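Structures follow.
Two complexes come next, and they have one chain in common, subunit A, joined by subunit B in the first and subunit C in the second.
Entry: the complex of A and B
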């Protein structure tokens, strides 16, 4: 451990929450409601994370506002945040660029200009997920998008990304974004899916099929065509070992949209030296955590997609649990209140994970959850 | 899994030193060489280094090594059959103090006497050499145009591939846990995967070489210091073609072919904890140096920062020799931050020593016994 004198210009906060999506907002609210002083940083221009572009109604459970559209849920959380504005300081357009484990300092940049560092007592990493992309020739051409980016363009900024889209991936995101693109007047030339069946909910798949969109099962994208921008795509059937077979099909599109899954954003957790484990069911490397969502680093909690890819409903509950965990470790409020809330949140998580999809999540969680870290 | 029980030569460490030694031995006809690496090829100090190559040194021995290294790098592509990413745009040394400039000029005289055409350049010339430079506060510059930098990964991989073609075997994730000796001779190594008997063992373990030496019962005073370094996002090439270096300015900076700029410095109090962590004070200090020295980097993002180990000796010169008390145990370590550039030469020299030949550059003074005798060869020109 390096020793150093008092550092000038080092900000302090009891709790730093990194990421203002459903998990980070919930963690901030929960910690603030239990008396913590919270600093919330988010790299985007608005709080809410992916919620603000989700125009579809949520599934899940009533506790987590099933039936409400994603962006509405974000508005509800922000109203709640308003009540704690004296306890939660928010920095928008602010990226946490590094965690320095020798002294626990986090470096942040607001926009392109303002740099500061902050020394939090506790940290909740709610950094969300990143979109996966596939390697194929010309995948760098303008016009190759992640589905999340397309959704942001359309639903947040009101911009149609192009005229004719090839969607890669028939999971829920691929299906929902395809449908939303059609609602925005964009043509879907087809949906390519490597597996032999649709991965997303049947109700979403049925919607796009009813509108005549072909779904190419057991197909993959071979390459993007075009000189300076995307002008088309080549797709091909694949066999059981994902090797290309059969003839190539050329499709004229100006947009190739990749909806091939997400992976947890965990750079800061690696930098912090948290114990990490690769869990396929959670879509990547995730931090080992206890039942309070605390990582192996005694001052760092994790919540939401950063802790494993799941849905926003579960992210919100995990955020709540992390918020309670942080407050508890800071000795805030009385422990009976903590226990009452934890019991409630754990019940809600169990409800959310009760279904078929939840089984896979639960299997994954078994690989990365400990009861409680030894002190 | 097949496990070899014997080898003619075991090389410990697959950085540039280990790969170069293995290649040179194989080239000189040695069969059955195995290189053991506890991580992946080039994952230690070589792959983390600033990658400079220079002949501008302050001691005769280093000048000879440096010039030989420059000449070697100039034809390494042809010899190894693979591009090593050589950029020969020179080293521009920047002095901010009169005494420092005097020292540079003193070194230059020595260099010139050894056939190294270092020259003093004016600030205007310096700006021609390095268009992005802002150093009004400098008092003088020296420049040697054959200096430069190379890609440490490409260079090490080129050695490895060439060595493989000559039959050398590389075992990754194979950590040496003991060096076995019998009656004053090395007998082999124990690893996490099994033992290998060998009459010759080479310690090229970089930052961990003192531990390997100790396993053989050889005491060397090497210490490993953590040094930090960072890289920016790309800017247009041509901002900083040469390696910029200053001892009092405390920096070395170079631009990669794709435009990113790499820079490191020597902050006070290098931790010796083998932690390979990073610090924000380095980030801030180095960023300030970048912007002051290369104003084009203002507002440019830092992509990544990392650290590596300098394996330091008391006189900042390497240990390149056979152990006194353990015959067959050879050491190539303690390069004190310039092991990458010397690798092509030291590999050749050590291979000669191992085969009982006279190294073509005398290396007798690089025996570690110099430390006990107090005959240090102090090198002034180190960042």
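Entry: the complex of A and C
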């Protein structure tokens, strides 16, 4: 651990929430509403996590603000946060860099050189997800981007990344980012998808199809073309075992955007020694948790994409559940209120997970959920 | 995977199915202001078409993942669902509009530039082919949230194919 720069003394907090996306915000709100003192840290310059990049309308039910655009949902959460500002201390541009098992202390860095250490009673890890990348020849060329970077460029900075894009991956992210690129006036030359159907919602695919975007099912990107920057891409059909068959198609594009999936950000959970399992349906290694979202470490909870890649709607409910769990373990308020809220949140989660995509999530959750840790 | 399946799996409706049915012809013919067409064939956790429908024409969902089902008797063609559906999967078609060769479609639209009333636009089918011209009759933004509902006069014979428009530059 580097200790250059200012190091401050040891701080205390009842609850430390790491990550200020929909999951972390919801956990903070819930815990604060039940009387906890909360410290919320987020590496970004603004709260909201992935939500602030989402200009499209969200799915879900009214409870999760369906039909509202993502960045609006984050504004609503921030307004609610305003009400608890005496109980929630927020540090932005602040990354939790380490967890020390011996004493339960978390080290944080603000900006680049201001360090502090904090000893929380309880921790909620709501660190979200990281993008996966795909190996292919020339993928180092400028012009090959991850979908997250493209979204940040467009929706946060208002810059179009290029003129003509090949999207790799037809999950919700690939489909939505394609649509947003078109809204920004960028042409989508095509979307390639390795599976034999789009992985995202059918309606999202229908939106881009009716504007003339081809979706190449059972295709993959073979290589990027170009000398110093991307000038094109070669795609090819693949068979059941993902082996290239069929003829190669060359497509002229100046941007290749990869949307091949996210994986939970779980470094701190590993550091804390939480029991981890690899669950393909949740897109990577995730912490074992009980029905309160508590990990095998008695003072650590998880919520949102960090607990398995899903959706903002579910992330918000999981955050709420973790918030109740934390408050409960700190002995806050009366437990009948806790049970009432939990029941409601669990019902909402079950509702959200009833669909085709939700079934997969439920299968995954079965592999990493215990009823309650023997405490 | 045959060609039909492949198309459907890539987001193109090839035939009616649960969550994507055509309105009953006899009622539709004379229904002033039109009837809704919803093309939402997959179970997904979403229901604003139901919660926003002022008349209860989109039937209550037993489970939020259900595909929408419609009671056409109740649909007034108000196009509120067109404006709120995050999947842009609701369309209203008014067959009583204009003369017998024309119909009016109320379509969701979120691209730029915003279409202008009175202008001619390209009408695109489910795979983005321009299959006819249409005339923009009205441009509304019912929820003030940048989803536009554009009313377009189109050839009546094409209403089951046209699903969006493109502004002609």
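Following the convention adopted for this analysis, the second predicted complex is superposed on the first by the 367 of 375 C-alpha atoms of A that agree within 3 Å, B and C clash if a C-alpha of one lies under 4 Å from a C-alpha of the other, contacts with A are read in each partner's own complex, and residues count from 1 in each chain.
By our rule, contacts are C-beta pairs under 8 Å (C-beta built on N, C-alpha and C of every residue); 3 or more make two chains touch, one makes a residue touch a chain.
The structure presented is a predicted model; accordingly, all values stated were derived computationally and were not measured.
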Partner chain(s) touched by A:147 [first = subunit B, second = subunit C, both, neither]: neither
Touching partner for A:105 - first (subunit B), second (subunit C), both, neither: first
First, second, both or neither for A:117, with subunit B first and subunit C second: first
Subunit B versus subunit C as contact partner of A:69, first or second or both or neither: second
Touching partner for A:52 - first (subunit B), second (subunit C), both, neither: neither
Greater subunit A contact set [subunit C / subunit B]: C
Contact footprint of subunit B on subunit A as seen in their complex: 2, 4, 97-98, 100-102, 105, 107, 112-113, 117, 271
Residues of subunit B defined as touching subunit A within the complex: 269, 271, 277-281, 283, 299, 302, 305
Subunit A residues touching subunit C - in the complex, by the definition given at the top: 56-62, 66-67, 69, 170, 182-183, 185, 196-198, 201-213, 215, 217, 313, 351-358
Complex contact set, residues of subunit C against subunit A: 1, 6, 9-13, 39-48, 51-52, 63-65, 84-89, 110-112, 124-129, 145, 147, 163-164, 166
